[in-house]
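The following pair of complexes shares a single chain, chain A, combined with chain B in the former and chain C in the latter.
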Partner chain A sequence: MKKYLQIIKDTWAEYMMYRLNFVLWRVRMVMQILVVYFLWWAIFSQKQEFFGYTQSMILTYILLSSIVRTLVLGTTTMDIGDVINKGDLSNFLLRPFHFFHYYIARDIGDKLLNFTFAVVEITVLYFFLRPPIFIQTNIVTLLFFLAAIIIGTILYFFFSLIFGFLGFWTPDVWAPRFLSFVIMEFFAGALFPLDILPKPIFFISQLLPFSYFLYFPLKVYLRQLPIEMLLQGFAISIAWIIGLMVCAQVLWQKGLKVYTAEGR
Partner chain B sequence: MQRYLRVYRKLCEMSLETLMAYRANFINSMGSSFAWGIFSFISIFLLTSKTTSVYGWKREEIILLTCAYSIMIGVFHTLFSRNFERMAEIINFAQLDTFLVKPMDSQFLLSMRWVNYTASTRVLLGIGFLFYFRRIIAIELNPLAIALFFVLLFFGLLLLYSIWFIVATFLIWSPRLSNLIELMYSVSGMTRFPGEMYKNASEYLFLFLLPITLIITTPIKFLVARASLFDVLSLLFFAAVLFVISRKLWKFALRYYTSASS
Partner chain C sequence: MVITVSHLKKFYQTHQKEPGFLGSLTSLVHRKYQTVKAVDDISFDIKEGELVGFIGPNGAGKTTTLKCLSGLLYPTSGFVSVLGFTPFERKNAFLKQIALVMGQKNQLWWDLPAIETFLLNKEIYEIPDAQYQKTLDELVELLDVRALLKVQVRKLSLGERMKMELIAALIHAPKVLFLDEPTIGLDVVMQKKMRDFIASYNQLHKSTILLTSHYMEDVRQLAHRVIIIDHGKILYDGKLDNLVKKFAKYKVLSVVLDTYVTPDKFKEIGELTDYNFPKVIIRVPRSASNVAAAQLLEKFPVDDLNIEEPDIEDIIRDVFSSNLK
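Moving on, here comes the complex of A and B:
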């Protein structure tokens, strides 16, 4: 356990080494939230309700999504393709811990730091903008919300890991990852709740893993899912976790067999 | 001038050859660029589907704005953004030396060295949607209006380039600030919405973002005959002034380039 705590501390130290760079990253995040926030503010300037959402619900969705995304989508696993291609994976294979565990510890460090900053940013924005947000007080709903975030986090970890493992077979890891990122951003519901999409597209989005990264936890928080949809969401997302976990393990084992430590 | 055109043609050819060497990467990048563009359009259609107008902008005009944004940002990413992405690395590893010793303008070489052909998908997508929606948008277009629209788009592009270059110049003083360029992608994204959206949110924010909000909204306002002389002159003024500033600042910054590690 001690070694993993050290990895978390190292991750923080790494980020703090380039403090201004990290701050700029956070500024970028705040700008993205503000643009989406102002967009929705503009839409609600003339309407009381939009696709069944009130202004309060939507603004809560947007602001909370920026916090949830630091926990679910914050990851350091995007380096893995480069680690493999540059032969740096050899260093990890010699160390007394599993490669997966190393990245889990690093991700925890990344998520905690970004989460702390996001909470501070949203608090500051709240005091400046005074949006009519919805505060969930039901403990059971909050526990379900927490569970949905944990599931989304695990799901995204394996999803991202799989894209990193492409590095075993190709040096072009960036492009497929970017393509997946583009699709994910849309189907995760970062810009708008997915249930405003046309019904067939919304149905498909429910079967994909992406909607469990942001949309599902946020809908759980807003308590807008009937119990059967809630259970269905948890069932599908857990099935995806099992599928992606097995896929990541298989790719890891097969990848190690073809790994040539190129560049070493 | 001719020498620069000849060199640029050669640089374009070299970028194309590099692209062809990594075909899978090329196809994936085209796919990403295409998907990104399509999702932007879907988002704007959905978000405006229940609205007839927002802050004086009709739904059709907002769609037109999205088309123009797609064209403009596509051209910008094709010609410039990859060069800015590499600037941090070039300065940090003192590769800038190789640019400075060449008998050409360093700003030209640094900001136009690589061409990202895959981003041109966004241009094609923008033009495609523009043609597809021309009936819905229902705007009277004459050749002169179209020609002037493209002239204003050019100045918008110049303004966007100048803002990026001014910001990127600060990498000379702090080469490790690679997120500065990432930040600029978000800044560019802000141009896709009408300036009035920011104005209604905060007057201070609007004033701060004024040059950015002019980039695409002014050509579109011109096209739908809503642009005032002030809008047009503001765009021309900011484009010219910021371009001159970008040149002066670059020359000034080069005095502080240490060429460390070369």
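Moving on, here comes the complex of A and C:
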């Protein structure tokens, strides 16, 4: 247990070494929220309802998504491809500590830090903008919301690991990852709720893992899903977790056999 | 036996790519693969507490062997056993007893002081507090780095960083230590300190050490036994002294003359390798060294004469270049 705490501590210490970098990263996140926020603000200045969403529902969705994304999409696993290609993976393989566990600990550190800052930022924004937001008070719904976030987090962790493990076979790890970012931002529902999309695209989005990163937890929070959709969502996302977990394990085992521990 | 290696082979598949974007495209469709035999059928045993030097030119397979022994690489074929474990399985019980230090690799957190990495390793290796403090104090004393523990790693000099790397690798007091070019890039003073440290560590802890180096001095001063490897094959395995007898086909006559003699006169004695009056260096076949010396004393104005063994470095160079042919 203490090793995990030490890694979390070191991860924080590392961020604090580069305060400016961290602050600018947070500024970027705030700007991103504001852009999307004001876009929707402008749309709702014309009408009361849009695709079945009221202004307060959409603004809640946008603001809350920026908090949820720090938990689900905040990750340190981005650098795994480079770690493999530069041969730094050797440092992990030589120590009696599983590589996956190391990144889980690091991610917890990263997520907690970003989460704390996001909560503070959103609170400040709330007092400036005074948006009409929707507060969910139903405990059961909040528990489902929490479960959906945890599932999304695990799902994204393995998704990101798999992209990192491409590094065993190719030095070009950033091109496929960048492509996945573009697709993911869209299908995760970071910019808008996915159910305003045309029916066929919406249907496909629910089969993909991306919608369970942001869209699904937020819809759970807003309590806009009928019970069968709720169960279906949990079933599909858990199936994806099992699939991606197995895939990550297999790639890891196969990758280690071709790993060449290259030097710099 | 602490380490047993039997018929170990490690082959790599590499593909060649033409430069440029077009080259990338063609390599996607049609790839030319090439098999590199990094390690080609080697066998050796190492006993507990032995300090063995592994020497060979760049690309000889030294590092690949160490990586196979420490479980980083999956051997193509052959048998490897270290402390009774199969390295590639990387069981925790195995990893807790070994360390691999690579002169060109760092495990220290670049942006944090070195002490943070030591603390992390303490937790990872599950070292009790008292033992950690004792080992750390001992290593810090030996390497004289107390003042640097809290300095950000990126601000340390190469030599200082190498010392910290060693501490990070030794904090769990490994029974088997693999050192890959531990003195690379260090100045002569630091090289000597590093050598002294390795020697005293070996004596103090009775740990088994396998060391690779480009520098003959490292091996000469540290290892009683050397394994010479080239093109993935072992050329010699044994005592350093015996290497000289086995491979040196000549001896060196070092002469000081009284009066000048034209260089071509020495031809009948042996091969003139250096002439800087009054000093003359002549190579003669091993078996004929006594005769040659007698001849010299008789026919030349010799003031002083010594029969010497050739330099180990020269012998090894000869071994490698004859292996090329």
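Going forward, the second predicted complex is superposed on the first by the 263 of 264 C-alpha atoms of A that agree within 3 Å, B and C clash if a C-alpha of one lies under 4 Å from a C-alpha of the other, contacts with A are read in each partner's own complex, and residues count from 1 in each chain.
Assume a residue touches a chain if its C-beta (ideal position, glycine included) is under 8 Å from a C-beta of that chain, and two chains touch if they have at least 3 such contacts.
Quantities reported herein were computed from a predicted structural model and do not represent experimental measurements.
*Asks:* Now for A:Y18: first (chain B), second (chain C), both, or neither, which partner does it touch?
*Replies:* Both chain B and chain C are touched by A:Y18.
*Asks:* So, A:W41: does it touch chain B (first), chain C (second), both, or neither?
*Replies:* first
*Asks:* Per the contact definition in the header, classify A:A175: touching chain B only (first), chain C only (second), both, or neither.
*Replies:* In the superposition, A:A175 touches chain B alone.
*Asks:* Who does A:I139 touch here: chain B (first), chain C (second), both, or neither?
*Replies:* neither
*Asks:* Is A:L191 contacted by the first partner chain B, the second partner chain C, both or neither?
*Replies:* first
*Asks:* Name the contact category of A:I227: first (chain B only), second (chain C only), both, or neither.
*Replies:* Neither: A:I227 stays clear of chain B and chain C.
*Asks:* Please name the chain, chain B or chain C, that touches the greater number of residues in chain A.
*Replies:* B
*Asks:* Check whether A:N91 is in contact with chain B, with chain C, with both or with neither, and answer first, second, both or neither.
*Replies:* Second partner only.
*Asks:* Using the superposition on A, tell me which residues of chain A are in contact with chain B and, in the other complex, with chain C.
*Replies:* Residues 18 of chain A touch both chain B and chain C.
*Asks:* Along chain B, where are the residues that touch chain A in the complex?
*Replies:* Touch residues, chain B against chain A: 22, 24-25, 28-29, 31-32, 35-36, 39, 42-43, 46-47, 50-51, 53-55, 174, 176-180, 182-183, 185-187, 189-190, 193, 197-198, 200-201.
*Asks:* For chain A, which residues are in contact with chain B within the complex?
*Replies:* For this pair, the touching residues of chain A are 18, 20-22, 24-25, 27-28, 31-32, 35, 38-39, 41-43, 45-47, 50-51, 170, 172, 174-176, 178-179, 181-183, 185-186, 191-192, 196-197.
*Asks:* Spell out the residues on chain C that touch chain A in their complex, using ranges where they run on.
*Replies:* These residues of chain C touch chain A: 12, 63, 67, 70-74, 90, 92-93, 95-96, 98-100, 102, 104-107, 109, 111-112, 116, 119-121, 123-125, 152.
*Asks:* Considering only the defined contacts, which chain A positions touch chain C in the complex?
*Replies:* Contact set of chain A toward chain C: 2-3, 5-7, 10, 13-14, 17-18, 87-88, 90-91, 93-97, 256-261, 263-264.
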